[in-house]
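Below are two complexes that have chain A in common, paired first with chain B and then with chain C.
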Partner chain A sequence: MRPNRILTVFFLLGLAAFIWWGDARLDRFIWRIINFGAIYALAAVGYTMINGVTGQFSLGPHGFMLLGGYLTTLFMLPLHQKKVVWLFTPLSWPFNQFTLPYSGFILALIAGGILAVLASLIVGIPALRALRGDYLAIATFGFGEILYVLACNFMGLTNGPMGVKGIPQYTNLKWSIGALVVLTYAAVRLKNSSFGRALRAIREDELAAESMGINVFRHKLLAFMFSAFCAGVAGGLMATLIGTITPDLFRFFMTFYLLMIIVLGGLGSISGAVVAGFIFAAVFEALRFVDTAVVPGMRMVVFSVLLILVMLFFRRGLFGREEFTWEWVFQGVRRAWRGAWTKTK
Partner chain B sequence: MDKNEVILSLQSLTMKFGGLVAVRDFSMDIRYGELVGLIGPNGAGKTTIFNMITGHYRPTAGKVIFEGRDITGLPPWQVARLGISRTFQNIRLCREMTALENVLISFHPRVRSTVFDAILPTPRYLREERKMRERGMELLSAVGLEKWANFRAGALPYGLQRRVEIARALATSPKLLLLDEPAAGMNPAEAADLMNFIRHIRETFNLTIFLIEHVMQVVMGICPRIRVIDFGVSIAEGTPEEIKNNPKVIEAYLGEEALRA
Partner chain C sequence: MATYLQQLLNGVTLGSLYALIAIGYTMVYGILRLINFAHGDIFMWAGYWVFFLVILFRLPWWLSAVCTVAIVALMGVAIERLAYRPLREAPRISLLITAIGVSFLLENLIIVLPWAGGRQKPYPTPSLMTQIYTAGSVRIQGVTIWVPLIAAACLLGLIFLVYKTKVGRAMRAIATDIETTALMGADINRVISYTFLVGSALAAVGGILWGCRYPRLQWDLGIMPGWRAFTAAVIGGIGNIVGAMLGGFLLGLAEILIVAFFPKLSGFRDAFIFAILIFFLLFRPTGILGKTMKEKV
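Moving on to the complex of A and B:
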């Protein structure tokens, strides 16, 4: 085995140990932040695939998260809780008939992802064929808003603006980091494959890619579906982490968070999206005092200022378009080592 | 392949942009193995003709027949898959990707593996990827670029970028190669070099080449047959010798240059 493989195996073993220890022992507050970080990172990995790697400006991930969140909720909510929640409007068939046990959680998450993928086809087939740039952004943004309105009004499925509470809190580090690892692996493989090259070619020069025989529309749709799947699973995890879900949880601000994350990480960098996702969750909590001390909502002002500073002085984000590799770490370590050596001399 | 068979037939192509007629009633036949030049002053409509062939523009009127099949109005990616490849006047490489990756893009439409093969990855995909890289390197060696394979395309000198772009076009295994002002922005020595290169790839890859050029001396050297257009209208066709002495051409083209000189 090559040394990089060994390092990766050790890293994954270490991660598994951390998850096992963290789920049992970690301080609940920190545990929760890490869960949120993993969920943001997961949605951001998908989001950077369409926005960063393929260069198609979508503003729709909150809509896909909403779909995944609600479907997972409908699958996992216990029957007695369903009776309590849907008081005024009865819950629609077939969700009033069944509920899945904990062992079905993974199915519920995947179903949420698949529902999001189906929705991405509905919006993507017309929008990605005809639109790009600002217009695509507006179309996908509109789609997210439509879903919000639907979620508020389809009482029989969502219980409207009152939301659903009492969702079993199944999400833990095992699920959130597990999903993140699996889908990040898929994203990295996809980006580095021939398909990923086609996606990057579309970002760099759509006309040239098309002239080389690449079906641009199909590849954009591929990236869009992948991002929707990640967002759908992330939505499901978020609902089962918080334990309640309302349409307001997945409004446009969610996409704004994700946008900040992928810009901070470096547009098109998957490792950047992962790292920035955790940083975002941590800073978001750390800044909570601003909300209580100044005025509610002040946090977002601080975040916006941070984002502007990043855009001004740090335009390529943490990673630029590069990815985390062991070689990259070795080079950094070697450089630091050499630096220290020459200084002591 | 029968030398006298027509590979590309352009039949009364007309392209109007609003009130402007960019190309009017342009007809031309190109036979297998030919190397044909299309020249004309700036804004004569040369690139517009290319864009109509490759499907970037849908002609207002007329037909494009490629190997006996009507390809008028097909999207560019389908045209490329049928065997027409092109380069652009202002080099359009994926600048952030390496020279090799640029070539590999052209292989992608023929990848058999599915996305899931690529993500897992299955042995089938890994085999395909390895073969693609080998063929990409072979192609780069064939055009003398193997040293630059892992350089960022945008960081290469202009002349090499031009060659990478041609290599990328070759990677689609075209039957017909359209070169849009390949010598643009080159000094006479570089241009002569490039023309040798074009002659070389034509023989190596058994290609039919249709070439746009603005600088007449360049095209005179390598194209046995030249077509001249001005203001979207064909004004002459013939051997370089005939073109040089055609009064219409001198008036439209050389006259203008002679005045400047």
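Moving on to the complex of A and C:
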């Protein structure tokens, strides 16, 4: 085995140990932040595949998260709680008939992801074929808003603006980081395959890519489906972490958060999205004091100023388009070592 | 018959408000190829400026309205100068992301401001606008008469500006081909500033009149009207000023008539707007007036 492989294996073993220890012992407050970080990172990995790697600007991940969140909820909510929540409008068939035990959680998450993928086909097949740039952004944004309006009005499935409460809180580090690791691995493999090279070719120059024989539409659509799947699973995890969902949880500001994350991480960098996802969750909590001590809403002012400043002066983000590699770490360590050496001399 | 007339007038009022906002979207898009996400929020700020000037500074209403137009127009110019101009050479998507950031900033600044806050505020409506005129069985509020009149005056002024003045000619030239226009010696940055000035001023007029029609101020007031106006701009063919006016009137009428005659559907109103928007983007991206464009390699 090459040394990089060994390092990766050690890293994963360490991560597994951390998850095992963290779920049992970690302070609940920090535990929650790490869970949120993993969920944001998961959605951001998918989002950067379409926005960063493929260069097709989507503004609809909040809609896909909404679908995943609600479907997972409908699968996992206990029957007695379903009776309590859907008081005025009865819950539609078939969800009033069954509920899944904890062992079915993974099915519920995957189902949420698949529903998001189906929705991504509805918007993606016409939109990715005909639109690009900001028109594509508007079409996907509009689709997300349509889903929001539907969620507010289809009381029989979503209980409308009142939302659903009492969702069993199944999400823990095992699930959130587990899903993140699996889907990040998939994303990295995709990005480094010939498929991923085609995506990057589309980002650089669509016409050139097409004349090289790349089926542009099919590649865009697959990247879009992958991003929708990630968003759907992230929505499901978020619903079962918070325990309460309303349509307002999945409004445009969610996409704004994800946009911040992928811009900060570097548009097109998967590892950047992961790192920035955790940073975002931590900073989001750390800045809570501004909301409570100064004035509610201040935090969002800080974040929007931050986004503008990053776009104006630091457009590369943390990672640019590069990925995290062990070689990069070695180089950093070697440079630091040499620097320390010359200084002591 | 009276109901029809009444609703028709309501539709024209709403339509002229949409037209005023849509102009800003369409002018900026025509010149910078940027969907100015912050435009709806600039519109929202106009309502708040009237509120600040009338309630806090105790200015008379007409003076606060005039000051508001000036302040909001300068806000538009400042936003372009600080947030959009440094990205002139950057990929267009960076510009869009920045615009989204500006939009969130404007919304949340209102929430944070001590005199505005997250709660709803009453809009100071002058008595001229609330007065009720009766003609036969039709009862008309002052707004229903004044809003379309003021809007029409502004739109005529705009058409004069764009088609009869030097700046207007420069705007149209830049919309056609920015590089050639720069080579011809036009000061691109100045003309773009003028574009934001005019677009934001019209949005301010729209915001002031909107407040007279719906006298509640809230931070998210600008979002949906902004999107409806943007849809109007797309319907009329984005970049096309006359088209934006036409689209605004069409959309306003359609909205009022649908809500009036199919009240059950009003909960889905926003979904319809976005469905229309997506439909136009997909099947008629140049709008009902626009010409087809070829992609440049």
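Criterion: the second predicted complex is superposed on the first by the 345 of 345 C-alpha atoms of A that agree within 3 Å, B and C clash if a C-alpha of one lies under 4 Å from a C-alpha of the other, contacts with A are read in each partner's own complex, and residues count from 1 in each chain.
Assume a residue touches a chain if its C-beta (ideal position, glycine included) is under 8 Å from a C-beta of that chain, and two chains touch if they have at least 3 such contacts.
All values derive from a computational prediction rather than experimental measurement.
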Partner chain(s) touched by A:283 [first = chain B, second = chain C, both, neither]: neither
Partner chain(s) touched by A:194 [first = chain B, second = chain C, both, neither]: first
Broader residue contact with chain A after superposition on the shared chain, chain B or chain C: C
Touched partner set for A:110, first chain B, second chain C, both or neither: neither
Touched partner set for A:131, first chain B, second chain C, both or neither: second
First (chain B), second (chain C), both or neither touched by A:150: second
Chain B versus chain C as contact partner of A:26, first or second or both or neither: neither
Which of chain B and chain C A:308 touches, first, second, both or neither: second
Partner chain(s) touched by A:207 [first = chain B, second = chain C, both, neither]: both
First, second, both or neither for A:100, with chain B first and chain C second: neither
Touching both chain C and chain B, counted on chain A across the two superposed complexes: 207
Chain A residues touching chain C - in the complex, by the definition given at the top: 55, 57, 123, 126-127, 130-131, 133-135, 137-139, 142-143, 145-146, 149-150, 152-153, 207, 253, 256, 259, 263, 295-298, 300-301, 303-305, 307-308, 311-312, 315
Residue numbers on chain C that touch chain A, as the complex places them: 33-35, 83, 86-87, 90, 92-94, 96-98, 100-102, 104-105, 107-109, 111-112, 114, 118, 227, 230, 267-268, 270-271, 274-275, 277-278, 281-282, 285, 297
Parts of chain B lying in touch with chain A, wherever the complex brings them together: 54, 56, 75-77, 80-81, 85-86, 88, 92-97, 101-102, 104-109, 111, 113, 115, 118-121, 125, 128-129, 132, 168-169, 171-172
Chain B partner contacts - residues on chain A that touch it in the complex: 186, 189-190, 193-195, 197-198, 200-201, 204-205, 207-216, 222, 321
